[in-house]
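Each structure below appears as C-alpha cells.
The following pair of complexes shares a single chain, subunit A, combined with subunit B in the former and subunit C in the latter.
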Partner chain A sequence: MITKEATQAAPAPAPTAPEPPRPNKRRRAWDEAPRWQIYLPLGIYLVFTLIPFYWILLFALRPAGSTSLVPWPMTFVHFEKVWTDRSFGTFFYNSVLVGVATLIMTTLVALAGGYALARFDFRIKRGFMLALLCSQFVPGALLLVPLFEIFAELQMINSLGSVIIAETVFQLPLSMILISNFIKNVPYSLEEAAWVDGCNRMRAFRVVVLPLLRPGLIAVGSFAFVHSWNHFLFALMFLNNQEKQTIPVGLNTLMSADSVDLGALAAGGIIAAVPVVIVFAFIQKWLITGFSAGAVKG
Partner chain B sequence: MKISMRRSSTGRRRTSAAVALGAVLALTATACGDDGSGAAGDEGAEGSGKGKIIFWDNNGGVRTDIWKQIIADFEKANPDIDVQYVGIAATEYQSKVDTAIQGGGLPDVGGISASMLAGFAAQGALDPLDDRIAESPLDGKLNKDMVESLRAAGGGDDQLYSVPTSANNGVLYYRTDLFEKAGLEEPSTWDRFFEAAEKLTDEDKNEFGYTIRGGAGSIAQALDAMYGQSGITSFWDSTGKKTTVNDPKNVEALEKYAALFKKATPAADLNNDFTKMVAQWDSGQIGMLNHNLGSYQDHVKALGEDKFRGIPQPTGPGGKRVQVSNPVDGIGLFKSSKNKEAAWKFIEFATSAPSNSKFNESAGQVPAHADAAKDDWIAEAEPTKLAADALSDGSTTIVQLPYYLPDWNTISKADNEPNFQKVLLGDMSAKEFLDNLAEQLNEAKAEWDEQMA
Partner chain C sequence: MAQAAAVAKPPAPPRRRRASATPRRLPYLLIAPAALLMLGFIAYPVISVFYYSLQNYNPTKPWRNGYAGFDNFTRIFTDDPLFWDTLVFSAKWVFVEVGLQLLFGLALALIVNQTFVGRGLGRALVFSPWAVSGVLTSAIWVLLYNSQTGITRYLADMGIGDYGVSWLSDTSTVFPAVVVADLWRGVPFFAILILADLQSVSKDLYEAAEVDGASRIKQFWHITLPHLKDAIILSTLLRAVWEFNNVDLLYTLTGGGPAGETTTLPLYIANTSVDAHNFGYASALTTVAFVILLFCSMVYLRLSKFGGESK
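Up next is the complex of A and B:
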C-alpha cells in the first residue's frame, strides 16, 4: 500500500561559471608518455582477445580438412550448411523473436516497477528490494522443474512465449533496480513543474522523465536482449519442437557425443555472434553512460 | 519551467503503437504451446496405433539427417502415424529427460544408451520391452551381447528397457604416413604403442606421438589403457564386491600411461575433451589418438582415407586384447506415452535390418541387427569392420563397466576427472588416485547390492 510520496530529490544545482583549467603535473606526465606505453599493453590485450575470434573465422571460412592459417581458398559452404541443413535460419528467427519480445517486456515492466520504487514509499519497499536482490542469487537451473510445471499448467510448453516470460522474469530484478536508480537521478522538481503546468502523473512521466532515461533504457533493453539471445537453458527445456528452438540450442546440437563438425560449429558461432556485435556497436556509447549513471544512487 | 501541453506527436503515437503491436504479435506468434503432459508416474496408454508420436534423439545434430530419412521411410510405410523428431545434443539429453520425468513432457520414444539407462529405469520412466520383442520380427535378430549389455544396465530387474541400435568401440587411430616415415610398425601391441609415442615426438618441431584425454571423459579412456595393458578381464573381483581398478597391475599400467603426458603429448592435453583431442589430431602432427568409431568420418574429412588407419586397441600380455565396454546405444519406449502401439511400431521399424543398416552406415558404428551387420558397407569401412570382428570373433575380452550403478556417471566424471588431471601433473600418485576411485566404487556397489537385496 502506498503511504506517502518519496522525499523530494534536491533541486538541480545552479550552473556555475567553469573554473579555469589548473596545471596538473600528473596529467601532463601522462600526456607526454610515449605512445608505445599505451599501445603495447592494448595490443597485447587485443591479441589475446582477437586470436580466438580469428580462429573461429578461420574454421568457418576455410574448407574442411585444410590446415592453412589463412582462410584461403575461402568457402561459405559451412554457412550454407548450418543455415539451410541445420535450420539455423529458423533458429535465428526464433532467437530474434525471443530477444525482441524479452527486450520490450523487460523494459516496459522494469520502467513501471522502477518508477514505483524510485518515487513512492510503501510499507514493504525495503523487503521488496531485498527480495529483488536475493532473486539474483538463485540459479535458473534450480527453478527448472517448478517453472516447467507452471508452463505445463498454462499449456505453454513448446511455445516461445514460455521462454519469453521466463527470460523476462529473470531479467526484471536487475533491470528494475537499475531503472529505479536512473529515475532517482531525475530531479523530482521537473515532474512537479509538469504537474503545475497541467500534466497528470502519467503524462509528466512520459513528457519529462522518459526522454531523460534514454541511456538507462538502452542499457537495460540491450542487456535483456543480449542475455536472452545467448541464454540456453530455458529454450532447451521448454521447447521440444525443432522449429521453435533458438540459436544457442542449435549450436549445441552441432556437437554430437563423439563427433564434431568444427567448420559448421564455427559458422554457427559467427551467425550467433553477429547480432550481438551489431547491437553493441550501435549502443556502446549509451550503454556505458547508462550503466555508470544507474550505478550511482541519486 | 514550461511544459508543452500539445498532444503527442504522430511519431510518438506510432512508436507506442509499434511497441504494443510488437508485444502482442510476439506473444501471439509464440503461443499455441502444449501442456507437456507425461511425467514418470503417468502409466500412459496403448492408444489407437495412429496419430502423432514424438521421438527425442539422444545424439541430435550430426545424426539428424539420417533420422529424418528413417522417419520419412516410416511415415511412407505407416501413413497414419506422424513422427515428430526432436534432436537433442548428447551432452544435454540426460538433464532434459530428467526434467521431463519430474515435471512432465516426456516424449513417446527416446534414444536410451546404456550409460543413462539405469537412472531412467530407476525413476520408472521406461516401459519394459521383452514381451513386445518376443512378438516382433526382431526376436532372435538382435546382437545378444548388446541386448545383455542393455539388460544389465537397466537397473537389476532383468528387464530390457531399450532396443539396441548400435555398439561403439574404442579405436586406436594412427597416422600411417608418420609411421612409415619413422619406420615404425603398426601399434598393434602396447609395447609398440609406447615405442611409437616416444619416437614420433619432437617437441621442437611441435610433433607428438600421442594425444591424451585429460579433460572431460578422461576416466573411461584411462581405464581402457589400464585394463588393456594389465590384461585383467573383470571390473569386479571374484567376490563381486571389490573393484579391480586398484589392482597393482592396473596401478603400474596407469603410471606408464600417465607418464606419456608432456613427454609424448602436447601440454595442452590436460584439458582435452574429445572435441579438442580430435580437432588437434585432425589438424596437427600427432601420431596416435584413442577415440571411438564415432569420429572416423571427421578424420576422413580432415586427413583423407590414405593418411590414417583405425584399429582395435593394442593387445596386452600373451597377445590378449582387453577393452572396457563402450555404452551400447538403443531406443526406448517411455511409460507415459499415450500412443504406445504407434510408438512401438516406430521402434520396430527403426531397429529393423534396413533402417539399422542405414543408421549405422551413417554413424560408422556396429549394427545391432544381425542382418544389418552382414551388409557390404561394413567391409568398406575398415575401423567398423575391425571393431565388429573384434567384438564377435572371440579375440577381445570386454571388461563391462558398471553403468548400472546410479552413481557411475558422478564417480567416473565429476568426482574423479579433476584427480586424474592431478595424476597427469604429478600432484597425485596413480595408486592414490586408483585407491580413492576404488573406495567410491566399492561403496556404490555395496549400496546397489543392498538395494537389490
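Up next is the complex of A and C:
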C-alpha cells in the first residue's frame, strides 16, 4: 500500500507542472464523459436495483391485503408478529452470534496463516497455497453429508458451534490469500526497523504492520460476517432445533409455508437486511481500497 | 525490473540471517490452525465423498450397503437422464449468469469510476444488493413475482405479460425470471471487483493516449481492457464456480421446479442425498461434479492465458 501510494504520488506532479493549456486539457481528460452518458444508464440501473427494495418495504409496512403503492397508513404489526410469533428475535440473536464468532475466528486464523505465507519461505508453502486454491472448487453444499456426520460424531448437531466452524472453514482460503497479499504490500524493512529498535516479532507486527492492514482486515472481516449472516444451507442442515436456527432458515420457513404470509415475509426480510446494509454502508469505501490493494496480482 | 532486483540484492543476506534466527517452526505454527481446520472439515469430507462414491450407502436401506465398485458411476453415465438434464441446465445457468453479470458489472464499474456529482451515494446504492443473501433475494422476488400482488400485476396493467400468471411456476417464464433475480444481486460483485482494479490503471497512459488523439472507445480497448484482463479472468472463474455450486437462491426460489426446469446438478445432488438418503449415489455425483468443475477451470485458465502477457 505504502509503495503504491508512493509510486503513484511521485510522477504525478512532474507532468502537470509544464502544462500551459490547463483548462482545455481538463475538459478533454479521459474521465470526463458527457453527463447524460453517466446519469442515464446509472438512473436506469438504479431503478432496477431499488424497486425490489421498495417493494419489500411496501409489503412490510402496509396493512395485509392492501394494494396501495405507498406504505400508508403505515403499520408495524408485521414486524411485531415476525419478531415474536415467528421467533425472529431468537433467530436474530443466533445469527449475530454466528456472524461475530465467524468474523473473529476467520480474521485471527487467516491473519496468522497469511503472515506466514507473506513473510516466510517454508517447505510445504507451495503445496499449502495449491490446497488453498483447490479448496475454492470444493462445493460446500456437496459436502453436507460428510460434514453432518463429522458434527454428529463431535456431538455438535444443534449447536451453533457447528455452523460457526463450517462457515469459518469455507471463508478461510480466500481470506488468507487476501491477507497475505495485504501483508506483502507492507515493506518488510518497516518490520526490520522495529526489530532493530528492540521490538520482538510479535510486537513489531502489532505496532507496525497491523495498523497498515486496517482497510484489508475490514474488507476480510466484513466479508466473513456478511457471508455467514447470509449463508443458509449449513444452518438448515446442522440446526434442527427451532431455538437454534438463524435468520435465513427462518425466512425459508416463511416462504415454504402453504399460504405465504407476504407481510410477515417482507418484515422478516427487512430484519434480515438491516445488519448487512449497515455493515455495507460502513465498509463500502474500504471495500474498494481493500480489494485494489489485495487484488489478484499479489 | 532486473536492475531493480540487482539493486535490492545487497541488503538481502542480513535479512535472511535474521529470519532464520527466528524459530524454524514459526511459519508452521502460524499456519497450523488454518491447516488443521481445512484438513478436518474440507480434506476429510472430500476423501469420504470419494470413498462413499464407491459404496452403496443408504441409511434407510442398510441391508444393501457395501462396496459397489464403479456401479454408481456406470449408472450416472448410462442410466440417469436426470444427470444429463441437470448438467446441461447447470452449464446454461452458469454461462448466462456469469456472462450477463460481467457485462453489466463492467459497464457499471466504468460508469461509477467517472467523477460526477453524487458518486458516493450512487456507488453505495448500486452496490447494495451485493450484501443481500440468496434467501433474502428469493423472498424479495417472491413478492415481486407474486401473481396477485406482485409487480407482474402492474406490468400486466401496462400490457406486459398476462394477469394472474406466476412467472415462477410457468415453464416458459421461469428461466428469465430466475436469471433476472440472480442478476440483481450478482452484478455488484463484478462491479466492485472491476472498480477496485480500475483504481490501479495509471492515469499517465490515458494522458498519453489523449495526446496521441485516441478516442475514448480506443482508450477502453487498448488501455482499460488489457489492464482488467487478469482481474476479469479470475473473477469470472471464481464466480462461475460459485454460481455452479451455490444453491441458496434456486433452492428457496423455485426448489428446482417447475417440473425440474431449474434444477442444477448440485441441487439434484442435494435432493438425492437429503430427500432420497442415497448418500452413495450422491457422493458419486459429487465426485463427477468436482472433476467436471476442475477440468473446466483448467481449460478456462489455459485458454484465457491467465497472467500470460503481463511481465
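A few points about this structure:
As a working rule, the second predicted complex is superposed on the first by the 260 of 298 C-alpha atoms of A that agree within 3 Å, B and C clash if a C-alpha of one lies under 4 Å from a C-alpha of the other, contacts with A are read in each partner's own complex, and residues count from 1 in each chain.
Everything below uses one rule, namely that a residue touches a chain if its C-beta (ideal position, glycine included) is under 8 Å from a C-beta of that chain, and two chains touch if they have at least 3 such contacts.
From a predicted model like this one, the values you see are computed outputs, not experimental measurements.
In this superposed model built on subunit A, subunit B and subunit C take up the same space, so to speak, and clash.
A simple residue count on subunit A separates subunit B from subunit C, and the partner touching more is C. In the superposition on chain A, A:Arg86 contacts subunit B only, with no contact to subunit C. Shared-chain residue A:Thr67: touches subunit B and subunit C both. Judged by the touch definition given at the top, the superposed model places A:Asn240 against subunit B, while subunit C stays out of reach.
When the two structures are aligned on the shared chain, A:Ile164 is found in touch with subunit B, with no touch to subunit C.
In the superposition on chain A, A:Glu153 contacts subunit B only, with no contact to subunit C.
In the superposition on chain A, contact is made by A:Val145 with both subunit B and subunit C.
In the superposed pair of complexes, A:Ala194 makes contact with subunit B only, with no contact to subunit C. Of the two partner chains placed by the overlay, only subunit B lies in contact with A:Ser259; subunit C stays clear of it.
Between subunit C and subunit B, the overlap after aligning on chain A sits in one stretch of 240-248, 258-266 or 294-302, namely 258-266.
Overlap of the subunit B and subunit C contact sets on subunit A: residues 67, 144-146, 149, 237, 252, 254-256, 260, 262. The touching residues of subunit A, counted against subunit C in their complex, run 4, 8, 11-12, 15, 25, 28-33, 35, 38-39, 41-42, 45-46, 48-53, 55-56, 59, 67, 109-110, 112-113, 115-117, 119-120, 122, 125, 128, 131, 134-147, 149-150, 165-166, 168-170, 172-173, 176, 188-189, 192, 195, 201, 226, 229-233, 237, 248, 251-252, 254-256, 260, 262, 265-266, 268-269, 272-273, 276-277, 279-281, 284-285, 287-292, 295-297. Residues 64-65, 67, 85-86, 97-98, 100-101, 104-105, 108, 144-146, 148-149, 151-164, 190, 193-194, 197-199, 204, 206-208, 236-237, 240-242, 249, 252-262 of subunit A are the ones touching subunit B in the complex. Across the complex, subunit B meets subunit A through its residues 1-5, 8, 19, 22-23, 26-27, 29-37, 54, 56, 59-65, 84-92, 96, 99-100, 102-105, 107, 168, 274-275, 278-279, 282-284, 291-295, 297-298, 301-304. Against subunit A, the residues of subunit C that register as touching in their complex are 11, 15, 18-19, 22, 26-28, 30-31, 33-35, 37-38, 40-46, 48-49, 52, 104, 107-108, 111-116, 120, 122-136, 138-144, 146, 149, 151, 184, 192-193, 195-197, 199-200, 202-204, 206-207, 209-210, 216, 219, 230-231, 234, 238, 241, 244-248, 251-252, 266, 269-270, 273-274, 279, 282-283, 286, 289-290, 293-294, 297, 307, 310.
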